[in-house]
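We call the chains A, B, C and D, going by the order they appear; numbering starts again at 1 in every chain.
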Amino acid sequence: MTVSDQEDLVAVAPAAPVVTAAPVTSMRAGREALYFARRNRKLVAGLTVVLLFLVVAIVGPLLTDHGPNEYVGPPAQRPSSQYWFGTTMFGQDVFAQFTHGLRSTFLVGLLGGGLAAFIGMLIGFTAGYRGGVVDEVLNMITNVVLVIPTLAVLLVIATYLRVRGVIPEAVFIGLFSWPWVARAIRAQTFSLRSRDFVDLARLSGASGRKIILREIAPNMSSYLFMTFILLFGGAVLIAATLDFIGLGPTEGISLGLMMNNAVLWSALPLGMWWWFVPPGLGITVIVGSLYIMNVGLDEVFNPKLREM
Amino acid sequence: MRNKLRLLIVLSVVSLLAACTGGGSDTPSTGQGQGTGAAPAGTYPRNETLYISGTQWGPPNSWNPITDWQYATGTEGLVYENLFLFDPLKNEYKPWLAESGDWTSKNVYELKLRPGLTWSDGKPLTSADVVFTFELGKFETVPYHNLWSWLDKAEAVDAQTVRFTFSEPLYQQWGNHLYNRPIIPKHLWEGRDEKTVATGANEKPVGSGPYLYQTHSQDRMVWVKNDKWWGKTALNLDPKPKYIVDIVNSNNNAALGLVLQGGIDLSNNFLPGIATLVKGGYQVQTYFPEPPYMLSANTAWLVMNTAKKPMSDPAFRKALAYSIDVNKIVNGVYGQIVRPANPTGLLPNWDQFIDKSQVNQLGFKYDPAQAKKLLADAGYKNTGGDSFLEGPGGAKIELNLIVPNGWTDWMESIRVIGESARAVGIKVNTQFPEYQALVDARNKGDFDLLINNEKQVSNSPWEYYDYMFRLPVQDTQSVANFGRYENNKAWDLVQQLDKTPVDDVAAMKKVTSQLQKIQLTDMPVIPLWYNGAWAQANTSVWTGWPSAKDGDSHYAPVTWRNWLELGGILTLTELKLAEAK
Amino acid sequence: MSAVSLRVENLRVWYRTLRGDVQALDDVTFAVADGEIMGLAGESGCGKSTLGKSLIRLDGRMRYVDGTVELDGKELPIWDTGKMNGFRFREVSIIPQYAMSAMNPTRKIGKLVEDLLESRGVGFAGMRAELDRRLELVELSHDVLDRYPIELSGGMKQRMVMVLSTLLNPSLLIADEVTSALDVSTQKAVAETLVGFRDRGFVKSMIVITHDVSLVYQIADSIMVMYAGKLAEKAPTDVLVDAPRHPYTQLLISSLPEVGVKYADKRLTGIPGTPPSLLRPPVGCRFRDRCPLAFEKCLEEPPFVEIEPDHFVACWKAS
Amino acid sequence: MRRYFGRKLLIYAVTFFVAVTVDWMIPRFMPGDPIQTMLSRASLRPEANQALQAYYTNVFGLDLPVWRQYLNFWTALLHGDLGVSIWLFPQPVTKVIMRAIPYTLALLVPAILLSWFAGNKFGAYAARRKWLDNTVLPVGYVLTATPYMWLGILLAWLLATVAGIFPIAGGYSFALEPAWSWAFIGSLLRHWFLPFASLFLVGFGGWAIGMRNMIIYELEADYAHYLESLGAPRRLVRRYAFRNALLPQLTGLALQLGVIVAGALVTEIVFSYPGLGYLVLQAINNQDFFLIQGAFLFIIVGVLLANFLVDVVYVMVDPRTRTGMRGGS
């Protein structure tokens, strides 16, 4: 399976890395990676943008003395020096909503992406390393979850919950977006399992867990990181979709929710572009830069791709 | 690759065709709509077609006038007609199928039908049909079954006359039946079993009304004019539009967009921001040219679960009432297209039943200080150290105020209420459960506070008082008295009101004044604002829309379920084509 | 020996890296005669593969600096990928290190050959008979052509590639580490096949790049040793093995007790230090720091001179 | 190869079973009583309400023991019967969904296929062509990172609301009845275009990027270098690279299906396009769990079928699966 699985990973998300088996463990390689990282335009640019938004997400809310949903200003105001992004139908400060929305976006990304990465690795490593029946079973589970359309499931769960928050949302997203990771990691583990340094560890009587943590995982660290980035982006997009359908958090605010409200309160015919443009733009830019960052990383860890 | 691409074009075209046939599969092919498909190649000429929206909340799926919560709107009013109309603006019954009706004795009501009434299939409409219609109510699962617990018999005296004999005449309710029972053709429904009557879809409905079923699909319901309608001569009324296309509600964007572009002539949707657009030179018209723009359709109540502490304490309920800044909702959330409710909650058309002096003396208004005072006097103190009050026993107070998720205007509104309440020290959280969960909690009495507006404008304030005070309280309260407020005196008065003849206004006032006294002192529910009878008309194709201006007709320009018989139908007959510019 | 087939003069090829140019081939000058099989030996990173590649195709990061390459009197425009195409396969050909993965995994081998030939303007049908003959020669059945690479064993792939690379009878064949992936027994077979190709005239001359001195010892007419991007010594096989003149060659040979079994590839344990960085190579003899015989003259660069017929050395002590 | 398919089919079977079971639970384990919800829309007198409550509970078979309900669900399902919609009572769910399906397919099928082919072609073309690469990359990334509905909203706003070139909502003009007239088909196309475009664009970007990256890997592969050393023209090498790069893109397609469907759903919502997605939203807002149930099942079965289709195609194009020697690290 490994051939196709590697390929899966590439195809899953456009920016997905193909792992070059070259282990980046030794200090030299590490330093080298850093060296190229600093010189990789894609990586630097992507990272900068993401960090920029992160800062806005953290600092922004502190700049406003009012909550995102409070009626502070006159309704339907265009962007002005007082309300940078204008106000909503009810005179809520769009900028305040935007910054708070960014927070939940990052939260969902980290939590959802993180959880998915964790589950994916857990299953991927175990399946790949243990092989045999364990692998068969885990692989079956993986494939089942893989085929079921995530959103459909999330729809049902969301309708089930009476009151929803950002965190549960993130958790549920995480619970359903891990399969492709599991598959890819399983494939990688397969190929690493037979390497001599693993054999060596095995001979020296290290436990399976140790071997995975000490020998195998480090050899894929770069790759695992990239996977997490993709999951992050994915989680953000799914969350946006849910929120937009109106199954997002029933408390607080999020970028998807902003779009949802904008549409519900007919911002389009009323020409209140400042209401629905920022949230979508925010998501697009963040996720976009994450992807670009990923190509950068890929080039860094993968000498073949470096353009001289 | 190129050939692959070509293949794709083909593919997409194919799937498109699939869409066409699919889109069409559920509609009768052109011209077979009851043999009246005059529409050439299935197009509706703009100047013969009225586009309305805001009435149909899902694909049309039933034309059964019995199931009045799911039939395609227009089924009752356009196809099936009622004995009377009731005009809530003037508080008067307008004879429709019926020519007249009188109580010949305390418990006998005699109804005279107009001569020359016909069904759209040509058969005459006679008293037999009326009797048949009411007798359908003998089926357990027909919504008006309980009528027969106080109606003794209905008999056709002659072709035009029906005599109803009551075991216990409930005048107010009867008044409601008079304009709420669509009359059903006996010759077509005879022999239908209970299931078909109570739940059947009744495709291809045959009624007596000015319009006929033309076609429908997921996103529209199309009616075509019935040229043989009896009303033309008998009432000398003639609805102008040949076609009525009722566009199923999509999202506000689409709706408002279409209204502004003249794609919808009349939208009965709640369209945020309409206030700003009325002045925007969009040829958009509302009933009032200035706030509140809309007529009032029903009262939004704050329902408190009086079976729970502290809502069981009248003082607390009253304080809560004083704490709410309704104007902030009216202006902030609705942009003034609703108006604050009278402390009695009675709609403007029932103004005559409001005991003004009593209201001035007992009524509440937004007054945080007063709210604080009431709470303090009743022994609510802040002993918990936080900024919120505890009950007299020192019990923590934390209440959840709920409205259905997605009901955006209400969601925004309760945020305001929450703030107001917290401002006087009552800790109120806002939550937005899904509609179903809310209904469940509401009926089981498993809630603190919620907003409800299920009772619509009607012929009698009795409806409202029944809604407030109905007893006995059962473990599931599915239609009235959600607050589980128990007051036998009040309930007696309500029943007494029900038994008061509709024309004996003085007697009615006497009862309602007493009811209002109880309501204002005890505050079982808090009236908040009057939801509007949303109506935005675009005058670019059709004019003559009702409005408050003198010279214009004064009807509720609303085509909602059960509103055509409240004057909506007369709106249609008043329309004229706009002069081509 | 007879006429010169390949003549390389002052060839300089550098690698572009972010840190600067790595001078992998510096001022290389040598010749290969008609019918000669020249072994090219040296530690990994000494530039031997770079030399091999630069004779047929510079990859993305290699940069031609200067020097000339002549094959059968014609100059090879190795700096110009486009012009070079004309010579590849027909004049110069290569058996790459990665023969195991040299064939498109998703194409039947026969199809692959066909595509390639057609793309070079050679009719497949016309070649078919010859192809079959050569397959037999390397003991491959004809039906490999209907199979996918993944269905072949390592040895089979290796032989298939050898046949394919030499199909158009190139004048010069570069065999780059052809045996490193194989077990000893097949190594021998492969080596003999190479000789066979030469004897049958499929190829005129051959450069066999390897770190396995013992292999070239068996099949090569002459051996050339490289060190740190420069030529150290070139001489007829026996001369080089029996009487090496360059101290590096000497250490290289002596480190193999009896020619054959061991690889010169691993760092020479006898000599302290490592080869110099080719980013900024030291002036003078590049072997200086590790050379037991080093003396002040070594600060000047030693020329690659012919000290006796066909025996070239780059060392002040040797001359 | 038989083993390969056997395995796949087993997976699909299990998935289907799990999905159906989960699906069955939906209306039964949701908070609240669907029937009461339906009736709560009718302002009835209490007596009538109770009578109807009992009646409908029986109609929906919700009064049976749970295990019985489960079995009945399967038997009904195998007869293609998904029960009756509550919100659209008394319409059978299957009928309601079937009305919406063509619209969704008309969006999905062309959007998926066209964006996949076009994206791949373009990505392959852009790869390793400096200026194109530098323009395509950023655009592509922005596109794939765009939330479907946002792109939809933008298009709707610019082209429908502001410019008025395209209609705002609906599946075909409200002034038309379905008919085999050009007017009608034209109207269908005009309403179809924007939602299609937003699906297409997002997909296109993704595939273009994916292919671009894959091609670059392929061009660095050994076989590519070998061919070049033997003087094979760029055309041939690229042709091979493209062919090989298509395989992972194909698997990618299978993996993305779920996401694309989700995209279609929200896009439909933005344009209130009368397809499945719009229906699902309505079903959710009206808490019609039987309809949600049906839609959910349709989506899953659709995705399963599509997956299987991709598998078949994959086997046809990738010799490694056919020769039964797939993988083996």
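By our rule, a residue touches a chain if its C-beta (ideal position, glycine included) is under 8 Å from a C-beta of that chain, and two chains touch if they have at least 3 such contacts.
Everything numeric here is computed off the predicted structure, so don't read it as measured data.
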| item | value |
| --- | --- |
| Contact-graph distance - origin chain A, target chain B | 1 |
| Furthest chain, CA centroid comparison against chain B | C |
| A-D against C-D, pair bridged by the larger set of C-beta contacts | A-D |
| Chain nearest the global centroid, as defined over all protein CA atoms shown | D |
| Between chain A and chain D, centroid-to-centroid distance (C-alpha), Å | 22 |
| Centroid spacing, where centroids are CA-atom means, of chain C and chain D in whole angstrom | 55 |
| Separation of chain B from chain D, taking each centre as the mean of its C-alpha atoms, in whole Å | 38 |
| Mean-CA-position distance for chain C and chain A (Å) | 48 |
| Shared interface positions of chain A, touching two or more other chains | 159, 162, 246, 263, 268-269 |
| For chain D, residues that touch 2 or more chains besides their own | 30-31, 156, 161, 247, 269, 285, 287, 318, 320 |
| Multi-chain contact residues (two or more partners), chain B | 251, 253, 257, 406, 433-434, 437 |
| Chain B-facing residues of chain D, complex | 30-34, 36-49, 51-53, 55, 59, 85, 87-91, 95-96, 98-103, 105-106, 109-110, 113-114, 117-118, 121, 156, 160-161, 164, 168-172, 174-181, 183-185, 188-189, 192, 269, 272, 274, 278-279, 282, 285-287 |
| Interface residues, chain B side, partner chain A - complex | 251-253, 255-257, 260, 271-273, 276-277, 328, 332-333, 335, 405-406, 408, 412, 415-416, 431-434, 437 |
| Contacting residues of chain D [partner chain A, same complex] | 10-12, 14-15, 18-19, 22, 26, 29-31, 137-138, 140-142, 144-151, 153-154, 156-157, 161-162, 205-210, 213-214, 216-217, 220, 247-253, 255-259, 261-263, 265-266, 269-270, 280-281, 284-285, 287, 289, 292, 296, 299-300, 303-304, 307, 314, 318, 320-321, 326-329 |
| Residues of chain D that touch chain C when the two form their complex | 221-223, 225-233, 235-236, 240, 243-244, 247, 317-320, 323, 325 |
| Partner chain D, residues of chain A touching it in the complex | 1-8, 10-16, 18, 140, 143-144, 146-153, 155-156, 159-160, 162, 180, 187, 190-191, 194, 233, 237-238, 240-241, 244-247, 256, 259, 262-263, 268-269, 271, 273, 276-277, 279-281, 283-288, 290-292, 295, 298, 304-305 |
